[in-house]
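Step one of this worksheet: look at the structure below.
To keep things simple, chains are lettered A, B, C and D as they appear, and every chain counts its residues starting from 1.
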């Protein structure tokens, strides 16, 4: 089968570790640290105070502004402390919370009272003949965000400007990131909910065509999804190639359309949603349950018992690892990663909580990860061949090392999707993705400064 | 060379010169663009060295910017004062005499005081390091020492010392401000060159968290405010901040328990002798109690308590002395705890 | 199993880096090692053909290059483990393969200085040099010491040596005389003197000292007299050229050995296959056209491919990663350019061997080629059309 | 056919900059970035072609002894008159550039009036005068050698832009490394010797 998009790499699969184990629901924890900024956009606005009693699913913080999402309590209990952000210079409570990006983020600490009493769920919407607006309002109300890793508020994604003619909804079941099997297990066990969720989303978007893209290293998932979907959706199976699951590459694979450079997928008439988000939409619209749980893969060679778990938002990493029976004695841990090995973020403390977009907790042994010394670029061209966005990583990396960001800008560094293929393929072990993230933040800062002038 | 060829040569040259001159004059007429005369005049007043110190491509560009307004003549580091004032008269700008400023990096927590929490493996640049897990220094607000600022400094005035902390050399720094925006942790400020004492911490954290992150971080104990007396030092949340318009006394340096208040580099701080204690002889630290060698904690405490009671009885109203006593008492306790672990020697107390 | 005490990972020395966290196994040291392995067949062929003096030249060049690299790293204060990446060995071997077998040691030293010091470290070391160091060394020597660089020792296995041995045996049983041998015009003066000297004092034929012209030299001396009759054009023995029994630099003679090395390189994806393919194709086409126009004056295209430094240049020198374009499209333009220039110099230029000049000339074009052959960003066509496809 | 060898000869074989070493100062001065280098090359091509044409005319009809208009032998005036022509041409170009592309005028800066003293321009005129090229031949020669200059400048500026991104040793940054690169380029151009 020919490659579905230019470039791409084949990292070691590593899915066998956790592909076999069903999704297990995590027991109730004693304490949850729920961050306020779990999505792209403005952090949520607090509406509870320390000492308040809350029920499971109760709103702790509302969305402030259009691009934002509310936060719901993962369990019933009392709010024991609220840490304000230190960046605004206010007082910071002792148990502040280190976010996945390593910076201190505001968080609410909830001590569960053990009863796990849920507040009464929202009324079921008969989505067949409800209009789009009620569905989208319900999605915004229940705080649903993209579960693939971006955590972009779904309600915003489902209400594009009217003049954009969207005709296809694409479900991202590719899960091209090695080691992660959350979506795979979800497709095997909740196929019906996914398809129903897709129908609801299609209704909200006013779209008929639904395509579900799955990589063919998950044949069982492809089989089940095709059976369950029937004629309601088209299931397409793609050859395994990272980053098949990236938005632009998936749209090109499914519809042979290319998203115009520097634009959003809606320019190509498509909206891409993760299969996990579909289940969340189904739960919200049909059962009225807000989003405070997600499927996360806990895997890696040091983990005693890798598996897929339904975790509540706010479970800290140390509790997550105790679920997986901790680490093997003889395998020292080199890295702890939130997300997959290609795009995940390395952590250095176990107090980081699981957020709405945590698709996996990956532990790598010390022999699998070394401290590399990066050598100068020998222009071998491997990164140019593998870049799925058709960029020139070699030229850009040399420009950014010399801090020539204007040069890097017109070598199109802003189109980099940080998929990591170039760093993966680079024989000089150069930290290319970090260089491009640095360049992009510098160029954005420069653009903000120019727009203010 | 007969006269005739000479004449033809002169005639020819004159002819060519004339015709070509005519063409250029015509061209000048058609394609003339008028230029603001003041730009020429300003440019004459500028040194004309095209050194780029003002941040412009050369003197002509700087002159154009001056005429267009929004730029001060003093931006040109090379120009003399009279030339600057001449330019200001020409363009009607008021001349501002700003006191020379110097950059200061408000952090002294090097990798001994605030060690790395994890092994960082990536680009050796502060702004890039902050992108990866918020940089691995224990203090989230401290200087990472990866030399973004020293690379940005055109005059090489910032040096990274062996313990991984950036230090500005005030004698070299011209206060151009290029380093200020390169620091991802916003630790660099432009302060008057005359300031001789600085608070080298910028972390708003509360004391308990601060102590975990760095041993030299400001814990907000307000001692420096009390010492300074006037409001040259004030609290901003949990962080003591200097008001550089008022000169803070140098004595706050040794008042600070965590030693994060330090003199400016190159300024020698000689602590003048402490104020003479009032009637009660301030108690030397416990070692002079002659109980060196005895390590039994209880003995130390008992002997000391007698001393405190005696001093209190002597002059009950002198708070200063009592404060010193309690401080010495605490120091003794700390030391005792440290030594207390060893086998206590036979308790002979020399009540000195 | 449940009460088995759960150990949480200790977070004291975790590694923190930007994504991605898994990398492929390929490393620069590995690439350079493979390139060295690919060069072994050609070097071995050179040593077999030209004996111990070839080995000396190769060894000397490599030692000089590595030594100089170490020296430069120390002077520039860079870390010494840059030596471990083996790029100095590659440059040394390449330089050695570009020199004739009997080259004196001081020429090797000067060549190494030109290559490592001038062409590599003054530009900032591995990855920043625009010109291929080995070629800068060779072209510099070719211009500075034209004589030393163009004396080719006789190839042990070349038919010429067999003919000389046979001539001596003829003299032995004296059915032919020295005088007849001299004006048979079969041997150059130097070869004739060696035969006479070996015959007179009955010593073994000293092959190393005799020099012979390379096939390329031979055809460039062929002259066209007034009425278009060409004299002195050697007849083509393609088998000899292919196997390499001809005079020439150490590494360039045997096309077979180079092809083996080249296949290894392409198989291990260490070079872009487009560069050798289009380079040789262009030379084939241009020399082919010239051959059609006036067949007797210029040699057949196959001759041009198998002789001279074309094979060595196409597989090892033009494909040096640092000095060749980054994208595949750029590599094609680069290769065609090299081919054109090589053909032009060989057919009309005064130097018989155009390969080194053409590759260096195209190296100068590489920054330009990189700019014009930059890949188009995914979706830039649609952005140009403005709006949804 | 004869013009072809002339053109190839002027561009590749005895390239004005890299074989004849004429016009080195703008070659090193302007090649900091490719855009200004191309602006400079454009200006030089225009000036050189026009200059060759006009000087050939003057040389043919006035300066040479058997010249049509003037009987006397004024060939000793060659250099003087050529310089006057070139200077006025450059002045013309300067005015045009200032009007039509001020940004290029700004970036060329001092190097635009310097074309007057550019030995490549005068060189082309004097060489074609000495070799007695016909007017058309001289213009073609001027244009070809200007193209040679432009090629060398284009190559050199793109290499220099890449060198700016390299970690050259401190003492070699900027002009020294540019000189070395020019040296190697000249060495490569020697390969084309004896081509035409």
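We take it that a residue touches a chain if its C-beta (ideal position, glycine included) is under 8 Å from a C-beta of that chain, and two chains touch if they have at least 3 such contacts.
What you see is a predicted model; the values in this text were computed from it and never measured.
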*Can you figure out the chain closest to the middle, judged by Cα centres?*
A
*Sort the other chains by how far their Cα centres are from that of chain A and give me the top one.*
D
*Centre-to-centre distance between chain D and chain A (centres being mean Cα positions), rounded to whole Å*: 60
_Computed distance of Cα centres, chain D from chain C, in Å_ = 35
_Mean-CA-position distance for chain D and chain B (Å)_ = 53
_Could you pull out the residues of chain B that touch at least 2 other chains?_
117-119, 121-122, 128, 131-133, 136
*Would you give the residues of chain C that are in contact with at least 2 other chains, written as numbers and ranges?*
11, 14-18, 124-125, 128
*Could you check chain A for residues that touch two or more other chains and list them?*
102, 345-349, 371-372, 376, 431, 434, 437
*For this assembly, give the contact graph shape among line, ring, star, complete and other.*
complete
*Which bits of chain C are touching chain A when the two form their complex?*
1, 4, 6-11, 14-24, 26-28, 30-31, 81-82, 85, 124-128, 272, 321-328, 331, 370, 374-383, 385-389
_In the complex with chain A, residue positions of chain D that touch it_ = 164-167
_For the chain B and chain D complex, residues of the former touching the latter_ = 4-5, 8-9, 12-13, 16-17, 20-21, 23-24, 27-28, 31, 33, 57-58
*asked:* For a test of understanding, state which residues of chain B touch chain A in their complex under the given definition.
replied: 117-119, 121-123, 125, 127-128, 131-136, 140-141, 151, 204-206, 208-209, 236-238
*Complex contact set, residues of chain D against chain B*: 58, 62, 70, 72-74, 77, 80-81, 84-85, 88, 91-92, 95-96, 98-99, 106, 109
